[in-house]
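Chains: A, B, C, D, E and F, in written order; residue numbering restarts at 1 for each.
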Amino acid sequence: MSELSHVDASGAARMVDVSAKDVTVRTATATGVVRTTTAVIELIAAGQLPKGDALATARIAGIMATKRTPDLIPLCHPIAIHGVSVELTPAAAEVGISATVRTADRTGVEMEALTAVTVAGLALIDMIKAVDPAATIDAVRVELKTGGKTGQWRRPADR
Amino acid sequence: MSELSHVDASGAARMVDVSAKDVTVRTATATGVVRTTTAVIELIAAGQLPKGDALATARIAGIMATKRTPDLIPLCHPIAIHGVSVELTPAAAEVGISATVRTADRTGVEMEALTAVTVAGLALIDMIKAVDPAATIDAVRVELKTGGKTGQWRRPADR
Amino acid sequence: MSELSHVDASGAARMVDVSAKDVTVRTATATGVVRTTTAVIELIAAGQLPKGDALATARIAGIMATKRTPDLIPLCHPIAIHGVSVELTPAAAEVGISATVRTADRTGVEMEALTAVTVAGLALIDMIKAVDPAATIDAVRVELKTGGKTGQWRRPADR
Amino acid sequence: MSELSHVDASGAARMVDVSAKDVTVRTATATGVVRTTTAVIELIAAGQLPKGDALATARIAGIMATKRTPDLIPLCHPIAIHGVSVELTPAAAEVGISATVRTADRTGVEMEALTAVTVAGLALIDMIKAVDPAATIDAVRVELKTGGKTGQWRRPADR
Amino acid sequence: MSELSHVDASGAARMVDVSAKDVTVRTATATGVVRTTTAVIELIAAGQLPKGDALATARIAGIMATKRTPDLIPLCHPIAIHGVSVELTPAAAEVGISATVRTADRTGVEMEALTAVTVAGLALIDMIKAVDPAATIDAVRVELKTGGKTGQWRRPADR
Amino acid sequence: MSELSHVDASGAARMVDVSAKDVTVRTATATGVVRTTTAVIELIAAGQLPKGDALATARIAGIMATKRTPDLIPLCHPIAIHGVSVELTPAAAEVGISATVRTADRTGVEMEALTAVTVAGLALIDMIKAVDPAATIDAVRVELKTGGKTGQWRRPADR
């Protein structure tokens, strides 16, 4: 089993030294879903929960949160971010969220992609919670990573 | 169906005026779960993924994120926060997360509780991702709200 | 002439003590304008500079900046914010911006309203600068204040 | 007309990928003006609105805001900043503001320079608003850009 | 010995609930000192390490940091701040720093006063470190607290 | 005596241009101490002031503050941070704090290391202040710097 790299010999948390890692182009894609009701989705479709703004607000929240990742996650390295896209896709009773982050730096950007998805989800819930206080964020996870020493990683089918 | 309160007549996002709302004691409890592997949970149990620090890091990240909620969620009001607790409970192949936030202010604190749960989950994933890159955040949702005009709200059994 | 209240006897900057001020409902409205080209406004009108998102991005940036005012302005007090609206109104070769902020606290919210207008303007320029690198922010100023000891203040016609 | 680069095919906002852009030395100079009264300028000249601190506070606010640009402008890339200077020049009934920002990175720094000017202006207004509540920020714009693919850009005389 | 209030029964950190505490006027004064060389102090006295700006920069940094206290200290409550003053007093080979913070809220402001002193000290060191890389921050401590259940507390002479 | 580099000809603060400096690996180690009582240290030793969490909270606060350095210190450059470790070592009536920061960038990281030490100290005081309101932060200083034009610098024995 691989060694956990965020802890030193005494078990204390530390931000691991990445000086020896190569600067390479790295990308990560994460996804998640906000489960709500058909009524909320209909409000989106009918433009009564004005689609542009509710989804735009969540999208912008996700993009901005990407840049706040090292402020939120204690041991995350502050890194350059070269590009971010956040997509929200309404379906029957849910909104799918996908975020892709790209950099050329010494560490991967999967935490940035996961942060974009979760904060977009939180912002969407904030927009709809007056109609559906029981909305849920589900299945937030990394789908694909590229770059770095390990190259491409794709989520196994059985997880 | 209740009216969405975050949008004005033209559909533009705005931070709604809460001046007319009463200052009352309000609480919210949210929960979620990080699904991982039995191997990771065993590392936690054996102290090889040093329990104190991995869970402590996630707990502190969740508490601190509570205070950043209005920075992350575009239309959230900045409010006083009187107390926050974040609990992480390891099980077979997952870690349950629960956060309770308390205030005495004009708006509810469910977004703060949801933010605490998700950021604690993100920080936990950051601690274990070298061992389990496929860890997932699931079932993030409000369980209980008290205070305010609507009084107590508890998640319905069928959601 | 009234005394400047942000400096002590020795001329050093300080955040003045507002403990003695009353908690009252206070509002402030500020306005400004981004001057650009008819071509940019036409792109907005034709939906080729997609209206929803460019204006929505600026609007959300303005609302979020309202909450960051005490982080940006050294001597501003951190206060509760009860409501914020930011409006962007395209005209011939410009976009008018108006922000209204409301609180019930011990200090006025004119700095918050001015910050909302300027950051909305900056975000709008960021959206259009590939088409018009010479866009300008003009006439950022307080139009109306209510509440507090001095009551209502309206910008004089000759300023 | 050049293509707007901040929007994808569906019109949704995104942070464009700059991976393909060269790392070059880039600078941007922006200017603006705070229009106030001769009385305020006289207070500055007489040291009664203590020059050092009022202007120093605005200058420091502008420098610090430069570093917050990606937190404020939703689609701005977080980049290295190699140097910032902010100058405030009192005149008859106004204070001129000029900011120059320098980097060696993949994107220009005009948004950083514009942010420095506007926040310095906001901080200056905060210092003088007890004396002049009608002070105005005007003519905030980029004067000069160097570096990057397009090389030097200077504001045209007719804008 | 009084009970530590930041930990729950299981030893986990939490932000304690202050709902039951009274809103009273509370103040705290903290002090500290930056020890440097007579040469640095002479540069300050001769205006060659321009007094206004080096001390003004440190003073403003201290005031602004006061507002960031809950962002920095994990279990600190976000509270209203009614006033802050930061004084820097050069002596033979050191600069004394004193900060007083005032609020009317449910918790004391000693952490805010200590944060103001330390960040002012850090900013001062940043200004002089090219001349004295060995400058030291010493004796950062609370001198006086007023308000709250315990009333006035003054540092004992033997500490 | 070396020239102060943070001020321009007119004495105004500016963020100096580091474009001409080399990107080299740079490290800095800073130390400090929180002086408290034997009773507090015994509570730590007995696990009644639960060691894991009190020290873990301070450690994480120090690591996170490292990343906030340019937000706190007005003229600090925002830079990449490659690694951070913060150690807390309880002794008779005090807790020693040591922080080491590593980067490969154009400026040194001594301000980052000093910020890590002071914020870890502040967070520790926040954890123990209910038991010892007179705890003091002492002797915060740089011990060792490596990298950059001047190479290794070690604190002289007489400072």
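In the analysis below, a residue touches a chain if its C-beta (ideal position, glycine included) is under 8 Å from a C-beta of that chain, and two chains touch if they have at least 3 such contacts.
Owing to the predicted nature of the structure, the values given are computational and were not obtained by experimental measurement.
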Chains in simultaneous contact with subunit B and subunit E: C, F
Reference interface B-E: repeating pair among C-D, A-C or A-D with over half of contacts shared: A-D
Which of C-D and B-C has more C-beta pairs touching across its chains: C-D
Angle of the C-alpha superposing rotation, subunit A to subunit C, to the nearest 5 degrees: 180
Centre-of-Cα separation between subunit F and subunit C, whole angstrom: 37
Approximate Å spacing (C-alpha centroids) for the pair subunit B, subunit F: 31
Subunit A-subunit B separation of Cα centroids, rounded to whole Å: 16
Residues within subunit F bordering two or more other chains: 12-13, 52-53, 56-57, 60-61, 64, 68, 71, 74-75, 80
Topology of the chain contact graph, where touching chains are joined (line, ring, star, complete, other): other
Subunit C-facing residues of subunit D, complex: 1-7, 11-13, 32, 39, 43, 47-50, 52-54, 56-57, 60-61, 64-65, 68, 71-76, 110-111, 114-115, 118-119, 121-123, 125-131, 133-142, 145, 153, 155-156, 159
Subunit E-touching residues of subunit D, taken from the complex the two chains share: 52-53, 56-57, 60-61, 64
Subunit E-touching residues of subunit C, taken from the complex the two chains share: 8, 12-19, 70-71, 74-75, 77-80, 105-106
List of subunit F residues in touch with subunit A within their complex: 25, 55-56, 59-60, 63-64, 66-68, 80-87, 102, 104
